[in-house]
């Protein structure tokens, strides 16, 4: 296939998937959250069950005036949401939705993921600093401290998976999970890494992922009862929409990474080859949906932690545990 | 005053009042006050302004809870509301009140110090009872009473550039002056009203008009 | 600290179970414009006026703490009830306005009315686009008289 | 770790080398966690609060001044707007004070109705706390669960009095249900509507359930405990100095409940306990309120059981004139001691009305308690004091 055609096609597909996915997740959050609070939530927009509510919200945001504080550094202020959005979109380049359905199967896929997803903190810091607002600044600093603290357990949790899989390519990791684990009565049993001894790693990854997303119980950067909206305080209109979409897109992104690394990705035990290319995306989306729902569910049940408790959790517990996890996985990898 | 003829005192009330009187006497003795008034189960201990802080602090040993502090403006120049009962006999003054309560039982008393209108000033309780700070600030802006020693005597409720002391009786209530009372128009008094009220209906309307 | 961060936190998951249970239950929501809740009969929704009972005695206007009732009337001679008697002087109501932007729904006017001219109605849908439109005249107040419900039956004990 | 009054000290070596200037931050008057229009001028160093100066008065409505031109009947309509979350409970101390002045004996049945409605108001006020406090800590769902149940309580109050928030139900000498029904039935005696007791008891069963739900969602939640236990500890002597009352004082170990002390309503005829906790931290303040809901449910159940038959109103003169005198009457409001000092000069209006509102005193401890706390704790402590700005500013 022509290189440029392929590039454009992939761009459209990824963009389409991410933006539609973000809208769907927003809708799910509105709806699930409402029902958890014995409300109904969106009801009228779109005619049935308010399915068009996120679209209507987006349209409303587009019409709003693009305000910037007088003292703001307008260049930085203007670019911050796009930095966040970009780093989120770039995650999807390497996420495999089928054996061949991947933007680009990098050999260092896992490495690339971790590198690119931590770029979003740059955008958040930019937003917090350039807003010329004390709440924003505090929110930005909190976000920076938090994302640095949680980047480490995230990376260390992934390292354990990489050791177990023996490759950094995400396709390779999925394949490692589809290989026969053991044979019982002629049946070849394969299992994702979650079952193959990565439960601790999965927990650490998910906790760190929720912290990366700045969602309850780790939403101090935007803690609205303390910092009004943190680094988002001064944003409105299209730029706010970018942050908003970015948050939900990265929710999908991190869930997709978790699904790939721990839940076997597009893999279904027993299927292989071209069938997986057809079924794979559906399986992947299903796995993502489960993880996204859990993140939403937590957000509507739990309160938030305090900044120092959050740091303590990361440095005192998650990082040592993640290191221990690596050691155990490495020992087993060498021994067996 | 305490034996107001209007209150129909049942035997139960008398039984309640007696121990209160003894209590008030003992309290006056203890804190070294001038005297006390007891009406409607409310004990008021009259305190000399110069001994204000000493008295309150002494009483605070038993009556642990600092409840509130405020003032009354006894004035002949009444812009809003009813004037006092006997205007001619009234001695114009401020009264500073401080309520202390016991948390063990129902004991409690209101300590009253009388201040002259010329120099309304009294020592601050802020350093002995920090909770008094806000109450003193309120009394300061509402009545213009000066609390010596209160280091934070800035307006509490009112804007910084507000002029006047709203709770003074001579301070007009604007909301009652910007528009006439719609009930104060000329109609005939109804027979039913005349019959049942001791006061004629005309008086009623003027009073309800808030002496605007 | 060390005890609290141990996994699992039972309280957290009990809470999540509760929210999940709530999620699958139907929401106890009344979809307002389509479904209207009927307020209790005693609800103080709006004040209705029975013009025939009003004798322009001004009691309500005087007792109103907010001064939001405006009444105007004039005296009018009526033919005597029986032939040969003195002609009656009757007060007629010209204007009875209640400014609902000032009214604080205390009910004092309804209470002091000696001739049963004012009633509470539970009607609540009379919002206006502008505050100035909340001054309702006696025709409007009379319309609400129809919405005054029957008195509720009383508890036997 | 966050003992109140602790001197601020930089903890890491880095900030010792780089002296950072303090930042003054304006929290409020429009801020999600200030419950209205409270403004805190806070000096902070990073996340640490150095000192706080609360600025109030944005909701000052001058009730003490207005009351000087209102008759006693009109003031009743005003006072339930002071703390609008528990409107009915505010009327009680005022009306009891006027009754004391005028020497009116209130019929038993009216007293019981007052007691039931006061406790319903207490439940509804505490449910608002149960909803808003977790929200301040970031948990959004208890809000809706508690408010959903509060609706049943408000409906009960409305059914009896005609008003959901501002009942204006008390008259000197008794209670008076709103005239609602019947085109010619106005003079008909109004009493409790039929089925009211049944519905009250059903609502009380719901309250038991929501208490359990809140226990599951909030009390048992480890994150809530991490945020509130040992945060914002108020020792009993400090609480008394600042005039804290109500649940805030009881959480510090002082069993001070005017329902047990003052004889303003027949609380001696029902059996209930005063909820007390010893710690004085945010969690204790929260638990005391939850326990008080349970106690109030107990009181309402007994009151419904014991309510006697009889008139709702004592005989009082048509034109209310209080004799000359000064009276201080107080009652246990959901937020603490609520008192009125009524100075009567024999007229239809009081010469001076001092309103002792509980939130005002409860809030006055803020500058002391917030010194040296973290910004997230600032929100947790402020919320745990459970104030209503209308009650603070009056």
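Couple of notes before you dig in:
Just so it is clear, A, B, C and D label the chains in written order, and each chain counts residues from 1 on its own.
The rule is simple: a contact is a pair of C-beta atoms (placed from the backbone, for glycine too) under 8 Å apart; a residue touches a chain by one contact, two chains touch by 3 or more.
Only a predicted model underlies this, so the values are computations on that prediction, with no experimental measurement involved.
Looking at A-D and A-C, the interface holding more C-beta pairs in contact is that of A-D. Of all chains, A has its CA centroid at the greatest distance from the CA centroid of subunit B. Among the chains, the centre nearest to the mean of all shown protein C-alpha atoms is found for D. For this pair, subunit A with subunit D, the centres built from the Cα atoms lie 44 Å apart. Per-chain CA centroids place subunit A at a distance of 64 Å from subunit B. One simple way to say how far apart two chains are is to compare their mean CA positions; for subunit A and subunit C this gives 53 Å.
If you average the Cα atoms of subunit C and of subunit D, the two centres end up 26 Å apart.
Across the assembly, subunit A contributes 36-39, 300-302 as residues in contact with two or more other chains. Among the residues of subunit B, those touching two or more other chains are numbered 204, 208.
The set of subunit C residues touching two or more other chains comprises 12, 15, 18-19, 22, 28, 63. Contact annotation for chain pairs lists A-C, A-D, B-C, B-D, C-D, with touch applied as defined.
Contacts from subunit B toward subunit C in the complex involve residues 179, 181-185, 187-190, 192-193, 204-205, 208. Partner subunit C is touched in their complex by these residues of subunit A: 32, 34-40, 43, 203, 297-298, 300-302, 312-313, 316-317.
Taken in their complex, subunit B has these residues touching subunit D: 1-2, 4-10, 37, 39-42, 44, 64-68, 70, 72-73, 80-85, 97, 99, 101, 103, 105-106, 110, 129-131, 133-135, 142, 155-159, 166-167, 169, 171, 173, 175-176, 196-199, 204, 207-208, 210-211.
Put simply, subunit C touches subunit D in their complex at residues 4, 9-12, 14-15, 18-19, 22, 28, 39-44, 50, 63, 65, 104-108, 110-111, 116, 119-122, 145, 148-157.
Per the touch definition, subunit A reaches subunit D in the complex via residues 33, 36-39, 134-135, 138, 216-217, 219-220, 223-228, 300-309.
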